[in-house]
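Naming follows writing order (A, B, C and D), and every chain is counted from residue 1.
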Amino acid sequence: MLALFDDEATIRHALAFEAALAHALAAESLISTEAADRIVLACKALHIEPAVLADEVSLAGTLAIPLVKRLRAELPPHLAICAHKGATSQDLADTVLMIQVKQASTLLLKDAARVVDALAGLATRYIGTPTIGRTLLQDALPISLGLRFAQWRAGLVDSIERVNREVALHARLQFGGAAGTRADLSGRGQAIAGHMAKTLELPAGEPWHARRTGVAGIAAAIGILVGALGKIARDVSLLAQNRIDEIREPVIAGRGGSSAMAHKRNPTGCQTALAAATRTPGLIATVLIGLPAEQERGLGGWQAEGPVLAEIFQLAAASASAMAQVVEGLDINEIAVSANLEAAGVGTDIGESSAIAAILLDIKPRG
Amino acid sequence: MLALFDDEATIRHALAFEAALAHALAAESLISTEAADRIVLACKALHIEPAVLADEVSLAGTLAIPLVKRLRAELPPHLAICAHKGATSQDLADTVLMIQVKQASTLLLKDAARVVDALAGLATRYIGTPTIGRTLLQDALPISLGLRFAQWRAGLVDSIERVNREVALHARLQFGGAAGTRADLSGRGQAIAGHMAKTLELPAGEPWHARRTGVAGIAAAIGILVGALGKIARDVSLLAQNRIDEIREPVIAGRGGSSAMAHKRNPTGCQTALAAATRTPGLIATVLIGLPAEQERGLGGWQAEGPVLAEIFQLAAASASAMAQVVEGLDINEIAVSANLEAAGVGTDIGESSAIAAILLDIKPRG
Amino acid sequence: MLALFDDEATIRHALAFEAALAHALAAESLISTEAADRIVLACKALHIEPAVLADEVSLAGTLAIPLVKRLRAELPPHLAICAHKGATSQDLADTVLMIQVKQASTLLLKDAARVVDALAGLATRYIGTPTIGRTLLQDALPISLGLRFAQWRAGLVDSIERVNREVALHARLQFGGAAGTRADLSGRGQAIAGHMAKTLELPAGEPWHARRTGVAGIAAAIGILVGALGKIARDVSLLAQNRIDEIREPVIAGRGGSSAMAHKRNPTGCQTALAAATRTPGLIATVLIGLPAEQERGLGGWQAEGPVLAEIFQLAAASASAMAQVVEGLDINEIAVSANLEAAGVGTDIGESSAIAAILLDIKPRG
Amino acid sequence: MLALFDDEATIRHALAFEAALAHALAAESLISTEAADRIVLACKALHIEPAVLADEVSLAGTLAIPLVKRLRAELPPHLAICAHKGATSQDLADTVLMIQVKQASTLLLKDAARVVDALAGLATRYIGTPTIGRTLLQDALPISLGLRFAQWRAGLVDSIERVNREVALHARLQFGGAAGTRADLSGRGQAIAGHMAKTLELPAGEPWHARRTGVAGIAAAIGILVGALGKIARDVSLLAQNRIDEIREPVIAGRGGSSAMAHKRNPTGCQTALAAATRTPGLIATVLIGLPAEQERGLGGWQAEGPVLAEIFQLAAASASAMAQVVEGLDINEIAVSANLEAAGVGTDIGESSAIAAILLDIKPRG
């Protein structure tokens, strides 16, 4: 996941954007085929040292300026002007971000699906096993252990659907030019956007540079997924407490030890998921606070969005991967489950637990 | 909107919940028809002083305990036990909240639709009028004024759809009993939930008491809508600056004055929308932070959710209502629009503005 | 605490501001003594229905406009102009807020001091009692129970000092007039501010209307205090879990019951404190996000500040009061403490616990 | 600033911690001088590849475990046990963080001081120059331009003082061992902490591992400083708008251009500061949300704190450095200042602006 958003990937996608643009401009006869071929070639050949570019980006305030400058330097003078024609910094930045969002979502949802599947297995296995349900951190009434797993899973399924929905709707090409009007393209802007979208495997659409509700929708959906994973981590870590002892994270070599206490087995996977669930809400708020962006491109809010979105995905990926490991190897102590239930002294009637769990398990995440 | 969430409405919905439950219990023969009738009658007749109840709620830590106590006191001793049977505090609290969410969304979206419609009118009218587009708070290139309005509208339309989607999916009945198992209902829990949902005009579904992703989805959707309204307010207030003078809020008696300067015309509607957009992100973060709730009912996070959701809706309603007034009466100074464009010295080519605006205007919010 | 910030109190303080201003203007011979006396009288006599004023405020976008209008209507025409002379809406709003902040802090710190004192007692009593220390929700090594209490107390003491410091530095009179220059006061502005500060029992100082770091400092300090109280609540609720059973909240009639389970004893005081600690961080973020306010008075961010600050104080007060009750009556089960320690199997060596606790207990909150 | 918090620096400080500990243990005769010398030598010689360690840290959930393992591998078996004696992972992590906090604050405040000094110069120069003051984004009344600069400066000065205060109070050594009791140190724990504090040039103090109010205080103080810098950036960018034209960022080669519009001069320094002010509040909220940490070491909240604090400092440093450049080279257009004031038609009376500015300028940041 780190690799998806790192400087190298960003440069690679940026050059792919420029190549797709050149190709599209030629397809609409706005530049010559020769120019397009040369640009595409240059985009492939160009090697930019990430650290060097980073300094220039920091000075220029945008990735596009130094990158396009380098690209043009690779071209014969009369073709240099053909590169980046009709595009603006934000077209490049937003499109690159959406390529990354699409890849990152796919990667993230793979691990989330592992959690969903493992929970389905656990829920089915323990659908009739009574355990003490706890509310407000106090013993309440019996539930089936399978229902607990099915509820965890249902929260995840709902969250995955939301991510799928928002990404499908909003991870789109951005192509509008300096002020979002597709000027200087002889009226072929929409067609060019169509070609680019196809090449870059993103849906096309009208420019959305100053309309960030889609980005916020994606961010919020990921944030909710992190919360759903955090819910599982919270419960696992509470159930793993000594004296409760109902559940433990699997033993993984090198994991969960203590630098001072050899006897400890720390819930390190849950720690990762809970740290992510602690950090994500503030980042979602940051994306939302940028929504009232100034005019045709905001100052400050928009620039905050990209790194924050990348961070949200990193945290989500770390959480999903950690919880996949935790849930797939979950260590259930049926003796403690049963002993704690008995100690609670509230019988073993799990009501309609099994029926509810069965219905919840029948719900599949939709694309 | 205040009235939808105030103590009186909350008590009214809570009693409606208890009445619907009694009716459903009788329909499934778990209590007698007589008991149900008496409970329904008592729910209608019972008058509770909000201020007095508030103190008891604060002590008990939940609305249900003092409310059910009062309800039972109205019933003959042998029927008292029939009230609230099979339900728990959270069933009542969550269901009441979702009744309020549904009503509040309807009210909110009415004002949001006014903004959408007014913007469609403005976008159509000014679809061919060139104005200077501004990026990073600096003059950029011409755009059509109609495109600006169409983009504002498109952000709103997207946000309204998200609210509709999340509310339709997640504003559901909660009915699960003490630990979410529908215990003590002789296996008729699902049927009872079905009856209640019908009476209360909410979709039914499995208990979601400890699975709060739906609430978070609703909250985030409202938060994004507030941001989309804030975007409009940001731009109106920037365009209304002296020396820019392109747009002003309508003159409304008693509004936008200054206690010290008679000559001022303050953007008071935008102020309301921008204050809402400043306050909402932190509240969304609060809902998200509560997602990793403890076990079968969280401690702290869950209790934070209700008042915060109510606050989010209040802010959204204030914003939508203020911006409906602003946009419906927007005062456009075409002379300044034209003069500022000329002063920018970048010509008048608006590219494909009109075509883009036309496509954006064709998108209708979906239910 | 609710009463400190309600509409009635706000109106009362606003009239006190106007009276203090009139008095100060007369002292500097800018209005006649007769005018001042009439204004002061009118401020005392004026009764404004909060609900009616609220509607006007909402329309005007500021409290000062309708309030000053009513005040002037009470005066003979030739004196009406003397009221509010040299002041602006924000002078009134900010000064009223700071009067409320000062009162609210005093009230809040009283309850916080109760927690500090109760913890000192517990820490002293249990300074030598070994208990199992837990890290990452797992048994670690023994600590003294007194040290745990002393650590809770030290976090509170630090937080109280921060509140005292920020309130002393920043809860000041705001008096600058329309643009913060004390114009229209014949050069007597500073003297007038001095008189007003004395009357209103606030420190004077230069206008800070567009410089909100002090407000943010106060908000953050309260937020940290809420976190320190939340820390205690987190631990009490974890230690109160069944099977752990080391600590319980005191039994308070009407508190902590369950509408469905008679056997439960819920940590309702901790619930209040944890809900407050969940809600406060987002509110602090809201105050911080408003810091980059526009020019001589911001649009949106500033208006968000007042209600959010009031909410922060409400939450803090609820938390401090709840935790004072919890800690003063804390129910410690020494048998469980000892049994859990033994079960952990890590001996009873509490290291330098007692010495550390003694040093921590020696630290007193400073004004 | 990046270098202060990167993996290499973290490893270097971690080894310095271990060396200081060894030295202190020997000084108190808990290990032999030979052991101490060998450990100190090993700490100096040990080269750890950051990328390799990062993977191990991610698995172990803590830096200390793999680092101490490598350190011990460098020692003869009989001395290996002497390394890290009495310490725990969190001692190392928290102490390293505080070394970084101290260094980062010093670096940050150097740039902040540049802004303060430049503003003092500007305020003095323009103390008598009238300019239009603007409230709610509308022309209000004249103020002196010098007063505006003096107010910006006063906000910064207050923020710098808060940072100094919090860092002085709370950037301390953490040394408590596994459960914060300084166990296994023969009662010499306090003395050992004293030696270590001296070596590491941090104040000593009692263990604060589970008491995070100090960290929150530091984070909030930095957040407020970022807001005070953001305030300047907000105003500069508004005053730099075309048609207003009163102020511009200095011309810096390679900065503020546009990839599509050669004529633009973007406020890129302000962009950096405003992006920082957009991102910081959510991060402060994250630190606050972690305050109610679980027991003797929290799960999730604590682990979120370190990277978030590092990020807050990075953003603050970027903002301070950008604004130092902006303010030191601020390009003031006196003709536009004067023309805009005249256009406002509210005269030129700046009231007591100069006197207020003079008092504000007299305030010096205190250490």
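In this section, a contact is a pair of C-beta atoms (placed from the backbone, for glycine too) under 8 Å apart; a residue touches a chain by one contact, two chains touch by 3 or more.
Here the structure is a predicted model, which means the values were calculated and not measured.
**Student:** Counting C-beta pairs in contact, which comes out ahead: C-D or B-C?
**Tutor:** If we tally the C-beta pairs in contact for B-C and C-D, the bigger total goes to C-D.
**Student:** Taking the mean of the C-alpha atoms as each chain's centre, how many Å separate chain A from chain C?
**Tutor:** Taking the average C-alpha coordinate of chain A and of chain C, the gap between them is 38 Å.
**Student:** How big is the gap, in whole Å, between where the Cα atoms of chain C centre and where those of chain D centre?
**Tutor:** It comes to 26 Å between the two C-alpha centres.
**Student:** By the touch rule stated above, which residues of chain B touch at least two different other chains?
**Tutor:** 134-137, 140-141, 177-178, 230, 233, 237-238, 258, 260-261, 266-267, 271, 274, 277-278, 281-282, 284-286, 289, 299
**Student:** Hey, how would you classify the chain contact layout here, line, ring, star, complete or other?
**Tutor:** complete
**Student:** Tell me, which parts of chain C touch chain B in their complex?
**Tutor:** 56, 59-62, 64-65, 68, 84, 87-89, 92, 177-178, 230, 233, 237, 252, 254-261, 266-268, 270-275, 277-279, 281-286, 289-290, 299-301, 303-304, 307-308
**Student:** Using the touch definition up top, name the residues of chain A that touch chain B in the complex.
**Tutor:** Answer in residue numbers: 90, 133-137, 140-144, 147-148, 151-152, 154-155, 158-159, 162, 165, 169, 176-185, 187, 189-190, 206-208, 210-214, 216-217, 220-221, 223-224, 226-228, 230-231, 233-235, 238, 274, 277-278, 280-282, 284-286, 288-289, 291-299, 349-353, 355-356, 359-360.
**Student:** Which residues of chain B touch chain D once you look at their complex with the stated criterion?
**Tutor:** Residue positions touching the partner: 134-141, 237-238, 240-244, 258, 260-261, 263-267, 271, 281-282, 285, 289, 340, 343-346.
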